[in-house]
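Residue numbering begins at 1 within each chain, and the chains themselves are lettered A, B, C, D, E and F in the order written.
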């Protein structure tokens, strides 16, 4: 096994937090205070401050929202589509958040590998079917897919949310794979304590 | 043939420009003044002001930049990857911008259908090979792909740009297919006048 | 951008029109007189006179026919399947013919990129669903596909036409990609004048 | 097991030989005299005389030719690509012709299932690699593929032949799958007698 | 054509039968006595006696069983899935067994190339649809697939059998492709004598 | 979230341990004593004692072996290929074993999602490249793949091991997906304690 010496957050340069523009620095210190560490996605994107700002603004607009989709369900969408896109950072990091938000230590591993076999409701299965179609075959999304969602009580605003999260993480997964974004060691254990 | 009556910009509600937050309204009026029409992507995203802001901030950070990749080449990346993702809005709208920026009336149709057969330089072929890998198989991007780019003189900052544009339009293509975003009629003819 | 110097019609030798067998020469001069230029497909196939004769005989048998499928619809099939097969020559050249036959300057670009989002009737959608299945997964065509066509009023003869056009352009697309068949510059603008 | 009652040659109408245009009738009687039976491909295409003429003219131009590719090798291309396209008629009928032309009772079954494991020469492997690329991914055929063929001594005319046969059977396979073209019982045993 | 000199059963070492552990030797001599030759699968696996024992114990548990699936139908599953997996040994060897068990000289070639066009019953079509899904997309097998089987009268025990045979030959096909397992010449003609 | 009530080990009947044949019972009690629980794969296969015996005999022949491939590396092959095959049981259960054998709490999640980004040696990358090819495209495995392995010092016996493990879990993954085999809750936390 390779040694456990610190591995870089990204294959691109990672700036020191001190030298960052004030708004980036504030955001990073805030998340550090809250989480106890700085998730590497912040360090990797700090290389490009304008992209950092847009990326996290987009992220927050979709993920911190209230509505017909719970925050745990939003993370399920991230984990399922990131698994299909083989994005290590997103599966490990958002897997942790999903475990915490769902208060369920097993759900993330299940959804990442094969959401069709996960302990989720039929409504959540339909939500992930739709998200996966947007993630992998958006060109084929049509009226029938909207109908299938409506049958489970999703509103059109909910459907936008589901599709937009899948679309945003299509971007995010590609940036993580491009930059060799490395999941922080801390994520692996978060939320695994039994209920 | 169906009649040419006006078709909606999006399958989701499209707000009136008057009722939009001031910053969205200003941005839309600016583009309208410059282009003579409001591209439907602005109307479709106006349904979600926070996502509108993040989306265009991200877009501008990547597409209006100077650097080792020209603005025409940035549009080539958009057109090639959007063709592979079967995104009608992006191919038609960015095809128009590509024709204008490249001052070449044929390039967009060539790149959209099969960039391997387009009238582009070997360096541009390599750039699109990389962009297509990020767009379609980002999980396989590795050191060999970076090496292939460097052989053509691309710096690591250029490579980030190429990959990030491909990643951003992975998002954009999915939103356009989700919302049935309709290319404005004006785009089809832009930039087709012979040189 | 590369210069606009004349590019070869094919990567294989292109004979001079003067030296061709009389029947090929007559056909080529006829199309030149009618169109004002010689489409490169004629020059590329002239390298092999027997294949030229068979190719255009087959083409004419399918494309110039009257019946339940209009000539514009026949071109739609060509453009949709050639887009899926990434055939630059066929999308550009038959895109022009489709615009002219359909008297619609936008239809070809829509159908080439994603026919599911094009301004076409449900019947035409079903026709293109069937054509795409023959083009991309003919081994799976079965009774259910015939039934779906009949529900839209297509006769079995119509279905043969749709399938045979998709099959013929499976050949044509491959020959164009094999020979690097180049679309003539003239095609790009044909049929784009507003209605 | 289903009974062995006669099965139709095609799901479309099959005309009686007597009522066919003279040239079709002559061709069919000639093949019947030579082979002892009428291969169903003649009956299936007889439903459309113009397509029949073009199809067999194209076939003969490619398959009965002398040149750098032997007749047995031409049949190998048919069998390998038809196997990949899951075309029952073409694998069974051309498998028989391949066995006869190659004087080898095993070669057809080997090539149909996995040509990479067949008892063929490295030059034939390269030929089938090229044919399979034209058959399945023609949009990616490029200079490197031509180079690989030239290393094995193939001329550009040979390469056209290989590519054109793969392209023609892309059409043929689709027509056979569209029409449910049924291989005649006679084909299964032809050429299987030990050498 | 390459010469017909004896080809090795496997790319890995093939032990002499005399030196094998007694149980392997007995099994091999028994099959030789029954069939008149030693199928190469026995020689290839004899390189690893423990794997040999487990492999054939598994094989016998699934293939020699009585139940709702006939022995001929069990071989159909092998031939159809091995065709999809491009396994030459399994298609040729089990094709022979299928012809013998089904008393039908054509069935194996039909099923190997495209089972959807084979002379089999609708119940057998459904069985092969299920087997192919297990073989190629097991991650998507769900309640709907079980329901489709039950409609044709398959019990849950039958469904296990169908799925388990497809799963076992997923292993077998991979071992044959890994080892270049060569079908014995004898298999090609077995069961081809007309009924 | 669904309640945490006990979920069945398999969608097929699960026999009581008491009623099992003696050898199965002994094996199960042994693993229970060693692990503190009965992994569900034993319960699911107990429904078919003959298949149970063959399955675990095969498993043990491959996984408990000494040789050029360490036991941790054998588990890496299982986790990587099971991730690609979306097999929840195998990823979760063998992920636990991998963590324990490698004494590395992060390795399993990395390898399951994208082994190309995992903290493993170049030799292990090459091993997983080969295993993935056997798992997903065995029909294309050829001399070049053996050469790539030999460059990293793998012997032919090692290569058989790697390929055979990938092949065996092609079977195992399909049985788990067929039976809805459920990972025991215990597996999720095993081996996650920091080093």
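Note that contacts are C-beta pairs under 8 Å (C-beta built on N, C-alpha and C of every residue); 3 or more make two chains touch, one makes a residue touch a chain.
Note that the structure is predicted; figures quoted are calculated from it, not measured.
Shared contact partners of subunit B and subunit F, listed by label: A, D.
Placing every chain at the mean of its C-alpha atoms, the farthest one from subunit D is found to be A. Per-chain Cα centroids separate subunit A from subunit B by 24 Å. Computed centre separation for the pair subunit B/subunit E is 51 angstrom, with centres defined by C-alpha atoms. Multi-chain contact residues of subunit C (touching two or more other chains) are listed as 86-87, 114, 139, 177. Contact between chains, per the stated criterion, is found for A-B, A-C, A-E, A-F, B-C, B-D, B-F, C-D, C-E, D-E, D-F, E-F.
Subunit C meets subunit B in the complex at residues 1-2, 4, 7, 72, 83, 86-88, 91-92, 95, 102-107, 109-110, 112-114, 117-121, 177, 180, 185, 188-189, 192, 194-195. Interface residues of subunit D facing subunit B in the complex, by the touch rule stated above, are 139-140, 142. Contact residues on subunit F toward subunit B in their complex (touch as defined above): 114, 116. Within the complex, the subunit C residues that touch subunit D are 12, 47-48, 50-51, 53-55, 57-58, 60-62, 85-87, 134-135, 138-139, 141, 156, 160, 163-164, 166-168, 170-171, 173-175, 177-179.
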